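Both complexes below contain chain A, partnered by chain B and then by chain C.
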Partner chain A sequence: MSSAMDMQNFNIINDPITSEPKIIARDVNVFYGASQALKSINLDIGANEVTSLIGPSGCGKSTFLRCLNRMNDVIENCMVEGRINLDGIDIYNSGLDPVLLRARVGMVFQKPNPFPKSIYDNVAYGPKLHGTVSNKDELDERVEKSLRRAGLWDEVKDRLDKPGTGLSGGQQQRLCIARAIAINPEVILMDEPCSALDPIATAKIEELIDELRKRFTIVIVTHSMQQAARVSQKTAFFHMGEVVEVGETDKLFTSPQDDRTQGYITGRFG
Partner chain B sequence: MTDNTPHIETGPLEINQALLKKRNAREIRFRLYGLSAVLTAIMVLCLLLTSIISKGYTAFEQTYILIDVRLDTETIDPKGTNRLEDLAAASYKSLLRAALREQFPGIEGRREKRQLYGILGTSADYDVRDAVLDNPKLVGTTATIAVKASDDVDSYFKGYISRDVPEDNRKVKDLELIWLDTFQADDRIIKKFNVDFFTNGDSREPEEAGILGAVIGSLYTLAITLALCFPIGVLTAIYLEEFAPTNRWTDIIEVNINNLAAVPSIVFGLLGLAIFLNFFGLPRSAPLVGGMVLALMTLPTIIIASRAALKAVPPSIREAALGIGASRMQTVFHHVLPLAMPGILTGTILGMAQALGETAPLLMIGMVAFIADIPSSMGDAATVLPVQIFLWADSPERGFVEKTSAAIMVLLAFLVVMNAIAVILRKRFERRW
Partner chain C sequence: MEQLALFFALLFLTVLGFILGKGRAVALSGQSDQPLHSRLPYYGLYTAIWCGLPSLLIMAGWMIFEPQIAEILVKSQLKEANQSLSADQLSLYINDVINLASGGILSREPDESILEAAESYHLFKQISYFAMAVVAISVSLVTLFGSLRKISPTLRARNKVEKVISVIMMISSLIAILTTLGIVLSLIFETLRFFEKVPFFDFIFGTHWSPQTALRSDQVGGSGSFGAIPLFAGTMLITFICMVIAIPVGLMSAIYMSEYAGKNFRAFAKPVLEILAGIPTVVYGFFAALTVAPFFRNTGTMLGLDVSSESALAAGAVMGIMIIPFISSLSDDVMNSVPQSLRDASYAMGATKSETITKVIIPAALPGIVGAILLAMSRAIGETMIVVMAAGLAANLTANPLEAVTTVTVQIVTLLVGDQEFDSAKTLAAFALGLLLFVVTLSMNVVALKVVRKYREKYD
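Entry: the complex of A and B
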């Protein structure tokens, strides 16, 4: 795809220029039974940058996030229409196995949810599951590398055999990030990863997100506009199941184009 | 954000004293109701246990009479081979009878003699034989051997038969009392721990009757029940809870499972009789069929308990596993099932305990027969503990009263052990997340 064509595309949907879109969503509709949660979403996610999704509760930002690794599949009555491409492959209609998709698109959840197993086993589970390591040494190496990247290694290296659930909330969330990056995904989805954490743990996670951006494409749902401003390069504002406005984070927060965006970021609703 | 809520002026909180007093009184009353309910329950339990134990503890003892038996070589080992097989084959009954006649000379007449022999248990000669087999050197000597007393004599020495009762209504007659007094005066009456109660099968004679046959029958039956309903129950629960879509069919299945759990157990017995025995022609009275019937009865319990345990595993664990690229089956078997296992096992053990105490369905498939042999396979005719209790409670002999209570104690001991295991499993493997 040439950059001229890209520009054209983005102009149609009022999206600022994204030179290397990793994920392209076009005309995505999501229904929970009879009620429509997402209405004709068009959104591009740039590679190796942080895109934050903001918006009031129930606006569909988490739903959109969960479309990106087909986590909505397990929800009954949930129907996804439209096209979502990951590196040019339609993740819904090309016969791609959702299990393989989720190995490429990792996810971190709102509440830290380490398995009730040892710290080591938490991180080693993914590589073992996908057979991406061939022996114990490689696995050890992978676990250490993932924990280092998640900035947790120094805190847990002496107690890898202790249960992951015994860590503090912030550490647990970083353990979950380490678990997600242990299988070398290309994209990491984060669903309000700091909402259950205190400000210090939040600051650590935000630092980590900035660090991870170099290797991974990150999409983060957040309720905190300050957080979106701090960590993301692009921001998409969702409202009532629609994308109201997408843009460079700086621009969106300083000079929003839409009244609804203006209203939300100045705190008039939401 | 600005706070636009208008400030409402309120006076200091006024408390209506009468209302407060009433409310507090109600709290206290409710607590007292609860306390009295608990106390009532404990009292009833104590009453039950006291009654069973006080009636049953004597069954663990058996009265023996020490008798000098002349073990002459002529009768026991006429050929002098001294081989154990020959010693075992000899007739010790006549020796024992001779010893009794010697002890009480002057007993003439068939009736008196029979009465005299009757103070010993029907298989007292085995006690003599065992003594000889233990120590073959006794042959040719006169040895003092402890032999089992009959059930009536046993009851008399345990204080269940009073001398004050007129002779006509008394199981131990005057003449027998004279003999027994003589024995007692010589210190020949002893009480031993009743090993036979734990090693014998059922018998028509209370002093010979034991619980082992019923225990083995119960174990075989429970093994079949467990082997059938654990895998089926757990797989059903996993499918319904983790994989099945919610629609009208699964709703119907769920309602039916819940209803089956409330079906009276005797209905399952009739079903077993009609299908397993009459249609498939499986053996009557066998633990195999008993286990199958109890499995039908226990399945709903296990399915319901397992589903509750699976439901209690937080969805975040499933999301975590799915999010990392585990398939749904891997999610269930690597994470959800291990976390639900303590709950599933607790439910299973409680279901098993229920099956262990079940009588009615087994009556329908013929496990109520009198079976003296200890079953050696799943297809042998057998009985189970609660049915044994039922049979003994129904027997007229005085000696079976204490056996009944003792069997209840054995059954309760099994139940307590099983429930304790359930509690321990729950405590040990309980996870916090």
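Entry: the complex of A and C
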């Protein structure tokens, strides 16, 4: 099935959604046991742009993000319904191996979680795993390139064999980003990547996100409206498991259509 | 059993002290508008401690020193009556007196002086008990009322109670430490005495073990040779067999339980596995001696192998089974404490479950696993019952698991079983072996704990 056909089938959203979505989510419901965390989510994620997900705590942003690389599979009682297409291929129902999916859709977590290995081995983990490099030289090159792209190379090039857990929080988070981009994913999911960091480290990561946008499609969950406004082109506002409003970031923040969005971004609740 | 009655009386006073102290605090809090310093129960505890602790200590001290004082009294009385007694006879007489006084039966007809002494000993006992009761109870009452009077809203009852409790806890921990120290010191002293009789290097590097020495000069016995090498070789052989079985099985079950098994299965399987560790080793011992050893022997015969009926293999295999839960349970714990975020990171990189386990979880948990293995190993080295029952006594220096070997622990047991003369080299050798064993297992434990602790620091 070609992606064009697929998109025709689903093109019901008339909002200013990008012309070529990388990911299309239709009618996605997620249940944790009996309780429903996401209700009939429809959302398009544009290629090579940054989409930010905002909303009050517990509204299902992380849950939605984890749907996109099937990390919800790891959670025991979690059930996902509906369709999510990546480049026109249904990632849940087409027999796509989640392992291969995750190689294409990378993820950066809220808390930096480097492996207790050396900095080098942290970045080399993915390429070694997927056999995408054939020899040590290529691997070295890949590690250096990833660290450079993550803006960490200059800080760690002299201590690649030191443990990644010995870096500062901001460096660790950039190491995790380097680790994620080392396998050349198409999409990078970030779940509040700056919430454990100070303003300077945050600024570095935001810069980095802007840089990465050229190559990757990025979805970022954030609690900071300013951050969403700074880094993203599209913003989706989640509320109680639903997408209330989605649109161009500028428009959503300056003239929100929905009262709940208005309330949230002006700080009346959430 | 009069002492027991006194003890309960003091206990009763203590409880009374608690009730009175608390009652007084309640009354105080009703009267004055100044708030009490501590919560009510602390005032109760405060009086209870004042009322119970000193009197109980007096009672304990009394009971420790009374027999000695009584003995001195009896001794002086006997000496007066009969000047010609030697020290040995005197102690014999004192025994008679005490036996007689407590209504025991004597081996011979008591003479006049003994009867007299017994009489006065009995009297002393009674007076002493009476005095102890009076002193203890009056001390208890005095302290009870004294402390009751001290209760006031400003009394820092909680701080005082906590202080006493912390001192009691400190003493408790000292008991354990001092006991260990005492054991180690006695081991060291006896070992030094052993090395006066047998040269150190003959013991450490000797390859021949046959500890039979003549007990009395009229006996014919071997000259005795105390080379510890065969014993340690036997211990190592059995430990090796044990670990060959326990490490793979234990690790795999740990991996299964922490990573693959469902919650329900784990909740059921983990305690069951730990029951294995709770089976008395003597049960493993006869399992080894009566079931496993004959099985190996018969299988060996069928295959045309010469298996000794007390083979190292049987003892090691059963010990391995016993050790499994030590490894699996500890390793399971350390693997479980590898943070979920690391697993998530690995899965999010597109790793499969088995890749995550081998590349992330096991390396992260490795120090803990090594610690678990070392702990299990020191346990195996010190294990006694199974090898006593299943490993045999012959001190063969061999690496063949089908032959009988003996271990350090087995030899310690056999050295000390039966008639002993305390300062013969044979008996003292047990202490030397014990010390050596202790040093080996202690250093393994220290290393293991270091390794485990280092691992803990990483994630906390």
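Here is the rule we go by: the second predicted complex is superposed on the first by the 255 of 270 C-alpha atoms of A that agree within 3 Å, B and C clash if a C-alpha of one lies under 4 Å from a C-alpha of the other, contacts with A are read in each partner's own complex, and residues count from 1 in each chain.
Following the convention adopted for this analysis, a residue touches a chain if its C-beta (ideal position, glycine included) is under 8 Å from a C-beta of that chain, and two chains touch if they have at least 3 such contacts.
Here the structure is a predicted model, which means the values were calculated and not measured.
Visitor: Putting chain B and chain C onto chain A via the overlay, clash or fit?
Guide: Verdict on chain A: clash between chain B and chain C.
Visitor: Counting only touches as set out at the top, which of chain B and chain C does A:31 meet: first, second, both, neither?
Guide: Touch status of A:31: no partner.
Visitor: If we overlay the two complexes on their shared chain A, which of chain B and chain C does A:267 touch? Say first, second, both or neither.
Guide: first
Visitor: A:153 contacts which: chain B (first), chain C (second), both, neither?
Guide: In the superposed model, A:153 contacts neither chain B nor chain C.
Visitor: After superposition on the shared chain, which partner residues are touched by A:129: those of chain B (first), chain C (second), both, or neither?
Guide: both
Visitor: Could you tell me which of 2-10, 56-64 or 164-172 in chain B overlaps chain C after superposing the two complexes on chain A?
Guide: Once both complexes are placed on chain A, chain B clashes with chain C in 56-64.
Visitor: Across the two complexes, what residues of chain A are contacted by chain B and by chain C?
Guide: The overlap between the chain B and chain C interfaces on chain A comprises residues 69, 71, 74, 76, 99-100, 102-103, 106-107, 109, 111, 113-116, 125-126, 129-130, 165, 176, 179-180, 183.
Visitor: Quick check on the complex: what are the chain A residues that touch chain B?
Guide: Answer in residue numbers: 69, 71, 74, 76, 99-100, 102-103, 106-107, 109, 111, 113-116, 125-126, 129-130, 165, 176, 179-180, 183, 267.
Visitor: Using the touch rule from the top, collect the residues of chain C that touch chain A in their complex.
Guide: It is residues 263, 339, 341-352, 355, 359-360, 363-364, 458 of chain C that touch chain A.
Visitor: Any idea which chain B residues touch chain A in the complex?
Guide: It comes out as residues 1, 245-246, 314, 316-328, 330, 334-335, 339, 431-433.
Visitor: Sort out for me which residues of chain A touch chain C in the complex.
Guide: 69, 71, 74, 76, 99-103, 106-107, 109, 111, 113-117, 125-126, 129-130, 165, 176, 179-180, 183
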